[in-house]
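Below, chain A partners chain B and then partners chain C, in two separate complexes.
And now, the complex of A and B:
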């Protein structure tokens, strides 16, 4: 029983960052209809920004997180403006392949600059974990959970309570009508991609110090993000949050009770199962676009 | 005209070992040739049915593992205390099994493609490849996991009356790959120009219309997936018996991407496209090796992929062919096509 509780606690910590990854991708996928293969690179990028700010510049750990979010926002906006905007109107396969090209180039760039040796980030948190009865959790992981929860709430408010968010939701429903009503769709696309990318960078910056940082760390993260998006349904933020926690739970239980070698297979199995049995996602209310 | 070009191209490729003695380059040509076979099979799906399979390396890798295990033998425990022991069989039987089992996997993925299309099909195929990779990595008893299957025997050809011929040298393997590639090319060409090929294209152009004239969607897509997977499995088998060592890294996503780049750059939906694109991108690392670090090569790789999509979105072969036709027949003969293109642009 205590083992199960421990898995639940781990699931909460992991699920929070997975939810961030999923929200970012579901916004981009849902609103722009772009299969964003650079999402994993942005995750890696966030982790490396953390590494640069904390280890190489020697600045404060808590300062590094907003820097990573901002850097992810800027890189996302740059990718959208240079690669996606000129391809507006071309088919989904073309943009997907361009995103694959960008992913290969950026990942190799990371490998070239920082090398393949895994990096770690020193954190200001005490080594000894917080012990609550049968379960223990490190202070760093608690911080990760809290920061992820904060970012999820901020994103939720941004989408549901601001005029930018309203314009994004309108574009998701019907971009032609949104455009006729005076929404600057190009601007919405750039903002969406930048916000989604900054969330991926935030997830990387949070999980990077928990594990280690290396150039290929984003590959699995990207596939997990796709699994979460498919679980939750396209463009569905609440679905992405729940999907993130379901994936984390499946991984924790799979690693704990089946075999740790198959931990990462859970995401893929979920994708295949959901697409076979309920292709619109678990939380779809009606027919979705795309 | 087309037949003459094909014969000249085959003759040119067949003559390569006569003047190229460098074993490093010959090796690069052999592995490139194997990947071109994979790319041709991918083109059958991507270029003629419009379904982008980003898990195509799964069929290639399954072919490699099946062929290697058939010729090496294995001894595994199954649930219920049963032991499954397999004595080594000749590698050529492995090749046949590789084709059959990869084709069977293609059947299941093809069934799936009936349910999910577009981006979802892409993600399903990636997931399929990753699950297969994780099984290859974790089922150590069967696959040796990360320790790799080693000492895979070379292919032995039984020659009636002359005993056997073991294809061990690079020269022999070069011609083996060339022959298999030619067979695959002719098979795909034959398919594409048959009734079945027209059904595939009809589905790609306009599914609703194709269905309304009586084309069976499930049957057509599944058959395309089976044939495509079987050819990829054959390529994987050649790879296993040539390289003679297989580990789960064969399933790496980057290998699928390499095939996709070969198809897209050469021209999807063009028979010669994967061959031309494959020769360029298969040999590009060889050309870049003296002047660039490996990481920089991959940056260039990604950059070239993006550049091709921006500059030649239809691929090298179709773009060149169009230019050739335009020059020969003047603009007048092309007027309807040009009209249609303008109309399409205006619509978009």
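And now, the complex of A and C:
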């Protein structure tokens, strides 16, 4: 029983970060319809910004987080302006190839700058964990869960309750009509990509200190983010959050009670099942056809 | 026009000749290591150690009157790439001998290529038993197979009063091989084996496996993986309040990197290693060890890398000794010469003994194994 409770706590902590990865990608992949292969690199980038600010500049850990989010926003905006804007209107394959190229180039860039040896970031949290009966969890991970929850709520409100969010949804539903209604469509494309990117960087900045930081850390994260988005339904923020927790639960229980060797396979088995039985994702709204 | 063409042809011919002549000035050694991917840190250390050996040999005039040249290729921590890289080194760079490929799965992937092209390889790090028992006569291993590690560990299990152990190992030939060899040794000793948990080589979150181990009734966990994953395991074990004794194997722990990155979480952990850079005087070859460490520091590398990089250093010296003995840089002669060398490695004498099925034995030297413990952020030696 105590083992089961510990698995549940692990699931909550892991699920929060998966959710954060998922909502960033669902904005870009689900709403903008860009197969964003740079999501994992932006995650890595966020982690390295933490490393620079905390370890190399010696600044405060909590100050470094918003810096990483802002840096992710700027890098995302730069990618949109230089790579995606000239390609707008071209087919999805072309965009995908360009994004794969950007992914490889940026990953090689991090390897070139920081080398392959993993880095770690020191945090202000105590090393001894919080112990509640049979369950124990590190303070750092609790903080990560809280920060992820905050970012998720802020993103949800931004998309659903603000005029910027309305303009975003309008733009990607019908680009021309939104433009006729006075929406600055160019600005919306750039900000959506930048917001999605900043969420990826935030996830990296939060998880970098939990794990270790190295150039390929984003690869597995990106694969999981795509899985979460497909699980939750494209463009659905609530779906991505729930998808994140489902993936974490499948991994925890799969590793705990089935076989740890197949831990990462568990999530993908669920994806296959979802694609067979509910191809639009678990929480996709009915789509207008035609 | 014809004359111009003729001139071009002459220049091309001259370049080819000079090029060929320049090539023959050096003896190439192929180095097949993971410089990117999950094992990037370790592979890079090994390559840096190899370069120290090459520079040392060349500074003394090289071998057979020629300088040696390392042709270094990245196998990306990926077995498919490791095999492709070996093929490229042998067929395109025409190296007569190789060193590689760090991980057991990487080395095992390269092995059929060695038979295909009849080229020998010094295995500097891999510890899966399979490498020297499947009958590949082109393999010469200087690292201890996990059975040798287990045998060395046998002496101390009584002192540690082990009763029941769990395993947490990397899910590849190295990890699974270690779990097998150590289980066998421990069962003979009357120690019971509990859980055998695995993790993917790129996995970053081992909380699920550790939670399971936390609630088992064993008192010790044997962990086998490379340094980056070890750091994560120590941190996550501490966060879960896992109070069991942790012993790591495989010799790729880089204890100083663990201390730097896992902090207090590393205290109390024990590690089976194959080199003692902290206590050069206790190594089998103190003079060479001191030289190597000072050279390593002079080049500005992190001290933590010494426990990996010494294998690259020893590996290249082993290869050089075989070339010298062979008297010519040809694959067959070098392969035969490996059986006759006897050099002082940083971790004991490197002399190859036959291992594996008769008629197609691999070479295996018998390096030393040490047990160290991390206490208060410092490395202490335990007597085996």
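By definition in this document, the second predicted complex is superposed on the first by the 286 of 290 C-alpha atoms of A that agree within 3 Å, B and C clash if a C-alpha of one lies under 4 Å from a C-alpha of the other, contacts with A are read in each partner's own complex, and residues count from 1 in each chain.
Just so we're on the same page, a residue touches a chain if its C-beta (ideal position, glycine included) is under 8 Å from a C-beta of that chain, and two chains touch if they have at least 3 such contacts.
Quick caveat: nothing in here was measured; it's all calculated off a predicted structure.
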- Message: Once both complexes are superposed via chain A, do chain B and chain C end up clashing or fitting?
- Response: clash
- For A:261, select first, second, both or neither according to whether it touches chain B, chain C, the two together, or no partner. both
- Query: Of the two partner chains, chain B (first) and chain C (second), which one does A:226 touch, if any: first, second, both, or neither?
  - Reply: first
- Message: After the superposition on A, what does A:179 contact: first (chain B), second (chain C), both or neither?
- Response: neither
- Query: Touching A:89 in the superposition: chain B (first), chain C (second), both, neither?
  - Reply: first
- Should A:55 be classified as contacting the first partner (chain B), the second (chain C), both, or neither? neither
- Query: Does the superposition put A:98 against chain B (first), chain C (second), both, or neither?
  - Reply: first
- Task: Check whether A:112 is in contact with chain B, with chain C, with both or with neither, and answer first, second, both or neither.
- Result: first
- Task: For A:275, select first, second, both or neither according to whether it touches chain B, chain C, the two together, or no partner.
- Result: first
- Message: Out of 9-17, 45-53, 117-125 or 243-251, where does chain B collide with chain C after the chain A superposition?
- Response: 243-251
- Note on the structure: Dual-contact residues of chain A (chain B, chain C) 111, 219, 259, 261, 264
- Message: Give the list of chain C residues in touch with chain A in this complex.
- Response: 35-38, 40-41, 43-44, 171, 197-200, 202-205, 207-209, 211-212, 214-215, 228, 231-232, 238-241, 260-261, 263-265, 302
- Message: Per the contact definition, I'd like the list of chain A residues that touch chain B in the complex.
- Response: 29, 33, 35, 83, 86-87, 89-90, 92-94, 96-98, 100-109, 111-112, 219, 223, 226-227, 230, 259, 261-262, 264-265, 267-269, 271-272, 275-276, 279, 290
- Task: Using the touch definition up top, name the residues of chain B that touch chain A in the complex.
- Result: 52, 112, 115-116, 118-120, 122-124, 126-128, 130-131, 134-135, 137-138, 253-254, 257, 260, 264, 293, 295-299, 301-306, 309-310, 313, 348
- chain A contacts chain C in the complex at 2-3, 6-7, 10, 13-14, 111, 115-118, 120, 122, 127-129, 131, 136-138, 140-141, 211-212, 214-217, 219-220, 251-252, 254-256, 259-261, 263-264
